[in-house]
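Please find the structures below.
After this come two complexes, each holding chain A, first together with chain B and then together with chain C.
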Partner chain A sequence: MKYILIIFIGIQLFASNSETELFNKLFTILFQKNSVNIYTKKYSFLSNNLKIVNSCKKADLVLGELNCSKPKFLLNYYHFKKNKNAIGAFYWRKGRPQLKLRKQILQKYNLFISKNFEDYLE
Partner chain B sequence: MKKLLLLIFISVLYSQSLNSLLNKIEKNNDLSLQTKQEAAGISYVITRYQLDMMQAKTLNDVLKNTVISNFNNRYNLLDPFSLPMSPFGNNNIKIFIDNYEINSMPSDNASFLFTNLSLDFVDHIEIYYFSSADKYFSEPTYAVIKLYSKSPTRDNGITANIAESRNTDIQTIGYGNDTKLPYFVYLSNNNIKHRDYKIDSTQIHKNSNTLHFFTKLDKDKNHLFFNTIIDNRDGFLGMSADGKPDISKIKNKQFLIGYNRKFENIIVNYTTTFQENLDDFSEQNKALFKKDNKKIYSMYTKGNSFSNSLKINYNILKNNKNDIEIGSVIKNQKNFNIDYKINNKQDFNGIKNQTQYTAFINNNYQYLKNSILNMSLSYSYYDNDVVYDYKLTNFKIGNTYLLDNQNIFKLFYFHTENTPPNYLVNSIFQNSTLKPTSTNSYILKYKKNKKDYNFDITYVTGNSKNQIISKNHGLENEKGDMTLNFIDFRINKTYNYINNFTLEAFITFIDNASIKKQHQISILNTHRYSKFSFFENIIYKYIYTNHPNKGLDLDLGMKYNITQNLTFSLKATSLLNTRYENEYMRYDVDTDKTLEAFKTASTPREIILNMEYSF
Partner chain C sequence: MKKIYYLFLILMLLLVSLSFIEIKSFNKTKQNIKKDILNELLLNVNSISKNISNYINKTYSLYDLKSNINTKNKVDSYLNSFLGHNYKNLFIVYPKKNSKFFTVLADGSNKDKFDFKETFEPLQKDKWQKLLTQKHQIYFKQNIKNIWMTYLYPVVANKKILYIIVIDFSTKPVTLVNNNLNIFKKNVIFFGGLIFIAIIVLMIFFIYDYKRQKKMSYLIEELKQLNDTLEEKIQEEVEKNRQKDKQLILQSRLALMGELLSMIAHQWRQPLNTIGSVVSNLKLDIMFGELDEKKIQDSITKIENLILHLSHTIDDFSNFYREDTTNDFKDVSIEKILNDTIDIILPSIHNNNVQLIKNIRYNKSIYIMPNRLKQVLLNLLKNSLDAIKEQKIKNPFIQIDIYKNQNIFIEVRDNAGGIPDEILDKIFDPYFSTKDAKNGTGIGLYMSKMIIEKLNGTLYVKNTKEGALFTIELREQNGN
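Take a look at the complex of A and B:
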């Protein structure tokens, strides 16, 4: 019933699903696991494959700038430039979404580097 | 077994590449999805991706692909609804930045300030045509151009841009700060140096320099906005009837402060604008033009204007069936320090002070599961210090019918009333008292939305009374009705999630107007391959005034993203010799004989090299 008003007014809630889809794809391949535990304050839910945990101890990966020694994936360009130990980052630059991965750090954590990641490695 | 399952799982995941996913994220998060309105008439959304891909430098680059077109008048000012000889066409076009109207007191049409203004501060653009009397733009107008500035989140950090060509020299710098108090600051310097033209032995110049400073600040539901444009330019042919002025200069300075606050059901929008304007035209040999057998050798205008506008929108009811909004606008405009000389004698009898009051109501009523009744009504009262007090009523009534999720039909009736521009009232340009123009139009639209493509067909038939036309070297209301018939067809195809192909064709027939027919076909293709981006833009234009004028324009561009921070791009415009040329009428002041029209390319031929770096 509501959809018609939504179409008319032109309000389209933008889907963040595609972002989750990217994280899903990336993290499950990097960790070679069906289910990856994520420690983050940025999201309360990601997907069934990416479980949010509330402590660093339980986490496979830290998403965002948090104090934890596990592999860190950042969400800000300047944080990524500053933190040389981060495995990678997803951020917006010049109006476009960007994905970056650091080969050396991925290797340090024995994470799987797929051929499909080549364009995003530095 | 587990490993096999994992392999199957990974192969399913990789059915979409990471690149496609990034494209998908970009498309699904496009900021235009949050702002665009479904329009009854013709509407365009030029996304960040499209602006970026087609390397749109100015509003001219965008408008040439639309129904509005990018006509620059004989003063070399962007003025799509231009009237011959008058410096600024009419007030049937409104420009907004982030929902603040960029107003201009003399002309009530600020499009001229955007003639050479770089669009590097813009995230996306929406254009609405034949969609007036709406809650979003309640003032009477035919066309609305809404520019939305870049977001500090998406454009975090400093980005500097340099564009160079034979004609173009533009430097811009923007800074987005995405902290607890997000803000965006932007500065641009736009130098346009056209080659000098010659008419007989007279050199004609159309160079310009435009400085632009823009900043916005967001805190919770408060939005503060500051915009300054300083524009100095040659006035091109200007007021010279034979196109050979001795002096032709236009200068404008505009400072605008805007404040917007959102409450639960109420939006308050306040703008204050200060403008300084100087126009200087003279031709001592033959005279600029002749009015009532009197030769006008010089026209000099200098003045300041100050305007304040307060708009309140109140959403009184919003449920599954109704969405009712009421609102009001109060706008006061003052002209002062006016120095208006014709043949070196003071001659100003125009408006010095005007207050405009507008009230409006808008309702979308869903009376069936798949039908909405759209209604809006606005009433405006213009109170000024000259004899003309306008009372204008604008309304629309229409029905939106959804056959299913993909097929939408719209039928609308519009009634629009417009005042003539302020500066024309009691001026040398008017032959008689100018009455408001009233237009009745019917719009029929069919739109089909599929996952990867959409197309729409729009038919408009309209009838205008008291249309302002140019006759006997002055402006007057057309005695007969002007009728317009217009058909627009557009198809838009998306491929690889983000790449885009658009084809638009429209035909227009108008009776009792200077333009009798106007047809256009435009194709715009934008696509990315790895680090490269390309665009191809072809436009065929045909305009019939008292003779046909047609042309075929081709623009091509390539962008190379060397790193995510450094980009080089090349853009070539008007590559074909068959390009469309604007015609400017000329006549001899002594004999009143029509002279050969002066022609210049609608878009100059040039190759623009652009470099962009983000820190």
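Take a look at the complex of A and C:
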């Protein structure tokens, strides 16, 4: 049981590290900044470049389904499907990670899209 | 010994080589089993995929499938019927043009179900790309440690992929067999190790035993040699003893000779004195002119008789001293033997005023070597006489009893006080004497005992109230 728990935590850490890496790369490119303020309730720390803030005002980006007018990046397929104003989403479907970006919304917020992420645009 | 070590080394090398071969063979078999099971699973998945494609192709048009959500729902239900614990996800996609995404057409899943036409980005895109290029079914592991595999089955028409059936299937049977084989391998290695250790222990024991046996055979050989030498040594010792006995006998005879000479001297003194006296009388008669023919004749007769007596004495001693041989066994009266012995020692007995008592209750002839018995009797009488003289006994006596009670008994007893108890069991030992060196050699009684035993008898001693009692017990023998 102890070993299963260790493996599970290990997988979770690995997964979350991959996510964090993706967020770090994506958000810094989108905002063209080395440091992006993120307003989220899901994470307490992401990376040195992604600073967690506790108010919508200070935020550049909202991560997750929170009430805030700033660009929203969602972490659930169904939320993403429902919220048409979200700039994109990252979620898991059948054990497979999925990244989606909405071109129109990104443009609306004047966010930059690099070639690396063009394939994920809708 | 070197051979054993080489054998041991070869056996070890053989065992190690065999172990390596066995491990290699086991691993190969394990891989084959895993491969076979996986092939079986793939066959099943392939068969399911074929059935699904056949059903869809026969039932629905591609257009319907791509555009009609009702068709999608029906296909979803159909796909759902295949799901079980071995099939986690079963969905149908088709590739989007110029995109890494695929569009989902149907999904049989119960949970986390794809929406109609939901775009989907697969993992391991290179595999999917390969599928698009080769248009041939493909399978791959979702990640290295995962039990789930993805099977992609492209449905092709006119060299064009119409859609792809995606099945996430479990490889748990392979994992289970692999785990069990690993347990089996561990057990085999454990028992193999035990056998290996047992063989090493056995070999060590064998070498130890071999060494021990070699040492033992060496010791046995040494013992054999010792035994061989021992026989020689025993013979040497026996020869030494024989020589010692000879020496003893010689000493004994010399001592006896001394005794006899002393006795002869004693016996001759009286006749010689008488002869001297006759000769002196003759001289006086010549001086006084009284010598006549009768006196001369009487003197000559007297001297002749005395010379004859002296001659007899010599003969007696000579006969006594002569050693018997085994041919000298003869029937002789015990009384005669006793009297012959007493004749020799009698002057000494009389000179010491010792009373000699004879109780002869058995006077038949016995078959014996008489001179040997005489020697023993003389020795016993002489010992009694010496003891009497030494103890200065008043009214001394020596008593001789001869009687028969099954065996013939000759007892010689005296009243000289006896032998001290502490030396009673030693008096028959050689060189043991209570007399001083001049008077005793310590071999008289030892020789007497030997002689009596040679005559098939027993000589023993005990103390009476008055003195010592020596008993000669003779078993009667037939003399033909």
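Here is the rule we use: the second predicted complex is superposed on the first by the 107 of 122 C-alpha atoms of A that agree within 3 Å, B and C clash if a C-alpha of one lies under 4 Å from a C-alpha of the other, contacts with A are read in each partner's own complex, and residues count from 1 in each chain.
Heads up, the rule we're going with is that contacts are C-beta pairs under 8 Å (C-beta built on N, C-alpha and C of every residue); 3 or more make two chains touch, one makes a residue touch a chain.
The shown structure was predicted, so the numbers you read here are calculated from the model rather than taken from an experiment.
Asks: Could you tell me if A:Arg96 is touching chain B, chain C, both of them or neither one (first, second, both, neither)?
Replies: Once the two structures are laid over each other on A, A:Arg96 reaches both partners.
Asks: Output check: A:Ser18 vs chain B and chain C. Expected answer is one of first, second, both, neither. What do you get?
Replies: first
Asks: Please work out whether A:Leu26 is in contact with chain B alone, chain C alone, both, or neither, and reply first, second, both or neither.
Replies: The answer is first: A:Leu26 touches chain B but not chain C.
Asks: Contacts for A:Lys81 in the overlay, against chain B (first) and chain C (second): which applies, first, second, both or neither?
Replies: So A:Lys81 only meets chain C here.
Asks: Thinking of the overlay built on chain A, is A:Asp119 touched by chain B (first), by chain C (second), by both, or by neither?
Replies: both
Asks: Check the contacts made with chain A and report whether chain B or chain C touches more of its residues.
Replies: Of chain B and chain C, more residues of chain A lie in contact with B.
Asks: Which residues of chain A are in contact with chain B in one complex and with chain C in the other?
Replies: Residues 93-100, 119-120 of chain A touch both chain B and chain C.
Asks: Touching chain B in the complex: which residues of chain A?
Replies: For chain A paired with chain B, touching residues are 1-5, 7-12, 14-19, 21-22, 24-26, 28-29, 32, 34, 76-78, 91-100, 116-117, 119-120.
Asks: Give every residue of chain B touching chain A within the complex, in rising order.
Replies: Counting only chain B, the residues touching chain A are 6, 9-10, 13-14, 16-19, 21-22, 24-26, 28-30, 33-34, 36-38, 48, 52, 123, 150, 153-157, 159, 320, 323, 364, 366, 369-372, 374, 400, 402, 405, 408, 530, 564-565, 567, 612, 614.
Asks: Can you check the complex and tell me which residues of chain C touch chain A?
Replies: Residue list for chain C touching chain A: 88-89, 91, 99-101, 109, 112, 114-115, 118-123, 142, 148, 168.
Asks: Along chain A, where are the residues that touch chain C in the complex?
Replies: 81, 93-100, 119-120, 122
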